[in-house]
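Several structures are given next for inspection.
Look for subunit A in each of the two complexes below; its partner is subunit B in the first and subunit C in the second.
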Partner chain A sequence: MSETLDLVEETSFDTLCSWLKMKAKRDEDIPLDLNLIENKLVDSIVFVEFMMMLEELAGIQLEVNEDLLKKVYSLQAIKENFFQ
Partner chain B sequence: MDNFLSRVRTLTHSSIEKHRLAFNRFEWPEKIQDDMWWHSPDALSIATSAIENDWSEEQKMALAKWECINIFSLNYTGELELMQEVSRIMHEVKLGEAKEYLHHLIDEENQHMWYFNKFCQTYAGKVYPSKKIQLEKQKLEKPMDHFLVFARVLIFEEIGHYFNVVNARDKRVEPFIREINEAHYHDEARHIAFGRQVLEQLAEDAIVDDNAADFVENQLDKSIAINIGSIYNPQAYRDAGFPQGVLLREKLLNDPSRMFIHEKKMLSGVKRLLGKCGLNVMEETAA
Partner chain C sequence: MSATYGNLIEFINQPNFEDNDAIFLTGATGFLGGHFLFWKLQTPGKVYVLVRASDADNARQRIRDNLEVCARSYNLPMLADSVLNERLICVIGELKSSKLGISEEQIAELAQAGIREVWHSAASLSFRWEDKDKIDATNLLGVENLLELASMCDIPRIVYVSTAYTAGRKKGNISEDYHAEDTEFANYYEASKCAAEKLVANYISEHGMKSTIVRPSIIVGPESTQCSGGTRFGLYGFCQEMYQMRDTLSQVKKTLRLVGDRDCLGNFIPVDHVVYDMLYLKKIGFGDQTIYHATNPNNIKILDVMKQCEKHNGIDCIDIVPVRDGKVSSFENLFDSKTKFYEGYYGTQKLFERSLPPHKKISLSDIDNYVRLFVEELEAEKQGTIFDRTQVTSWDNQNITVNVIGDPAKTPIVIANAYGMPVDFVTPLARRLSHNHFVITWDTRWVPALTQAFELDKCNSLTHAKDLIAILDHFDLPKASIVGWSSGAQVCLRTMQEFSERIEACVLLNGGVSLKNDSDIPMTIFEENLRSLLPKISSNRRMAEFYCQLIYGNQNANESDENAISSILTSTDPYLLYMTSMPFRTTESLFRYANMMNNLFHEPEDAYTTGVQTRTLVFGCDQDEVTHPLLAKALKQKLANAELVIEENAGHFAQFYDEKVAKMVSDFVNAKQHLTTQQVEAECL
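Up next, the complex of A and B:
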């Protein structure tokens, strides 16, 4: 049971990673620990879309504020906070 | 300045005479039935798009409910931001005695926030949270800061006004919802008139050279994109029964007929006014 669940969640997280890679026009995979905001992978507009994608894939609703930024600054942080 | 002041004086009188206290104004129904139009079919985010005809009447009605909640939520969260921003600068902004109007603006927005929030909570059990955030924070000169605050307010209000107008006019829309749209419409017509006057007034000190103009155009194009984008809420699509909300959103944002509505129906007033201030926004899409 838990194994299948992990599998489903892993897939959604991968989808999010490839979506971001496409949006940021990157040829290589985005390192999990890269700070997405400081390194300007997302600007305010892409950030909105990114959060919408995260909501859809993780099945959650998010309020965007300074606290949220601490949870979504890297793919690793997103994985820990929303896909585990 | 004299002309400006006398126009704002008229608006101030009008706010005192015509604004009706919202807190005891409406008869709030206990429930709003799902088989009513909560939002005009013409105001739906799929209206006139290439995919509109794929949707049945029932599906459109379901979407209308959640898009009503989305637009009312955007009003609520946007008005909160407006009040925060206008309050932040109201002591310093160079508007002379026209500053008096800012008290009416904040007073009225406070009441709008009250009814939009109450509506969403009472009839849908939630407000859609805002997705707006400023990631690139810059320290700006005051005239530029003040101009941008009022320009963003105008963009937000003119887009909201489009929905007020379409919903207030459409007899198919549920009567209480029409009444709210109509009440909001009357107050907003004054705010927009004020905002247009203010921007022309503040432009001279803010847009000092071509660099400043480029900077403002860039900032406002982003604000426009974010405000237009927020009309297409994937969570509202999911609530209406369409699981792939993000995909649908992207399709609609790129639909030529929807882009036409953004430019010609929602933002033509903004574009014209900013043009008067020597600014060109929405350039790439305007062709």
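Up next, the complex of A and C:
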């Protein structure tokens, strides 16, 4: 059961990574520890859409508070905060 | 020398010139050239004026219109017809053509006219390095053509109006000499003017002619009235950019840093002082040197001037720094892109030498008044001196806010603004068109004003098309021509399909419509992102709230969060910020805007082009950051009776910045053979 859940969450996370890769028009995978904001992978429009994708794929509702940016600044942070 | 150096009223009443004197002038429809002509015509002698026009009447009217603007700026009456008839001779031609496009017969006439000088005041004011070819065509090739004509007509002297900023990035004392070959420039306008100075020098030495170069600093309006006098260049251009961005800039919590020298001094000279210098030089036979700075004896700290611009625009966020530490914010990128031209004013410290007698000093408080009056001028334009605002009851009893300008007896034009955009975006176009037309535009219902309840079931282009027809009914207009900008183009197409009998002609400016069955039309990144995001926001009001909280709702964010948010903004396209600053500002306006745009994205595959027979002009720009220029080509193909103009080196806001777009629209509506905006380009100093 746990393995199945992991598999589902891994797939959702991969979907998120693929979506961002497509949006950022990158050929190679995005390194998990890359700071998405500092490296300009998302602008304000794409960032909001990215958060929407995250909500949908992780089945959560995000709140804009002081912790949000810390939780989503990299794919690794997203994985740790929303997909484990 | 007159008793008071700089007093033009005294000057024109003195016997300084003779009746048999004649000059040839370019740039007379521009700012400095126009003011020079206004005063020169009040002294004896004929003035042959090069003017681009379709015929003699049009040429004379263009000159008259500009002279009236000049006269008003001094609170003086327009020159009498008798003066114009006696002294003003219009020569139709254009700088970029060989021999200025003037016929052999006219050249022979000029050669017999006893012209003593060519006064060259016309120039392209474009400044981007990427526009080099376009600028060269006017500022270098144009000078060559003019010199060739002067030589053919045995005109002994050329007076070239340059700029003090041909000094480029040079620091310190700037002498009245030619600049070194290795001079670096802040923009290509400066470079082209500097190259033209040398071009003139080389030509006259080869052809045994004489030359005088006048280099004005930053020209402001007349000293006596301190109004703008009709220009939007220099100080006014900078202040206007700030004015247009002030709502956006007021959202910025962090300092907006311009790179330059905080202690930089600017030199501001009233236009009538420059005209005086020019006429004085003529009176004294041009003296014993070639180059003269037309500058003021007082220099003013540019940062202080910027602070005054901020004060009168109600903002306080700008600073000048030697270098930007950390990331460059998106607002800084945006402001840079809008104000790059002015970098030459604050980039390096310059002190201009001047050999002509000194003018009265212009003080910081004078400049403060100039700026205050200019912002009032802009405000008056916005508040209703430009538009009369009225409420029109539309087809479903909703009140629509309608803005009109111009004489109701003239040919009507209705402008469909882009969805949700403030009227400011079409104000310059409306003002320019109002000279020849009765111009009507309206605020799209729901956004930008939020006073009406949002009705999702009516959220489609037909609602706006019916609003347009209701406006025609209100003004008892059986027919009108229509102009649509950006998404407003879809409203025009829908109106033409549903109410063809009410539409005379149509112009689509950088139309943002959905031709979905044509997969060959690429999308700009801007459009791609909007088409991806807005449907999601339209279906979920919380997402609109999420966006606004994230971008604008960070009032209590700590420093690290603020940096992160700033980083997000940094990566945002500056044009996107400009375009979206109004409808993206609140949750409600964003939600409404997202629905309006989402429904636009889902209009039928043909975007209501099928069956439209109305005469239509499709205008696209090759540098459009919002709607792809190939969309304009596709639109033209879909429409049965359409013409296409693709403008080079222009973007989505061409109708806002480029006055030639208004002429193109007017000519098309009046069924004249229209010129491309490049053909009608006549930017003048």
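The working rule: the second predicted complex is superposed on the first by the 82 of 84 C-alpha atoms of A that agree within 3 Å, B and C clash if a C-alpha of one lies under 4 Å from a C-alpha of the other, contacts with A are read in each partner's own complex, and residues count from 1 in each chain.
Please note the rule applied: a residue touches a chain if its C-beta (ideal position, glycine included) is under 8 Å from a C-beta of that chain, and two chains touch if they have at least 3 such contacts.
Because the structure is predicted, anything quoted here is derived from the model rather than measured.
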Contacts of A:47 with subunit B and subunit C, given as first, second, both or neither: both
Query: Is A:69 contacted by the first partner subunit B, the second partner subunit C, both or neither?
result: both
Message: Per the contact definition in the header, classify A:32: touching subunit B only (first), subunit C only (second), both, or neither.
response: neither
Task: Could you tell me if A:60 is touching subunit B, subunit C, both of them or neither one (first, second, both, neither)?
output: neither
- request: Would you tell me the residues on subunit A in contact with subunit B in one complex that are also in contact with subunit C in the other?
  value: 37, 42-45, 47-49, 51-52, 62, 64, 69
Touch list for subunit B against partner subunit A, complex: 128-136, 222, 225-226, 229-230, 234-235, 238, 244-246, 249
Message: Quick check on the complex: what are the subunit C residues that touch subunit A?
response: 529-530, 532-533, 536-537, 543, 546-547, 549-551, 553, 557-558, 561, 564-565, 567-573, 576
- request: Spell out the residues on subunit A that touch subunit B in their complex, using ranges where they run on.
  value: 37, 42-45, 47-49, 51-53, 55-56, 61-65, 69
- request: Would you pull the subunit A residues touching subunit C in the complex into a rising list?
  value: 23, 37-38, 40, 42-49, 51-52, 62, 64, 66, 68-69, 73
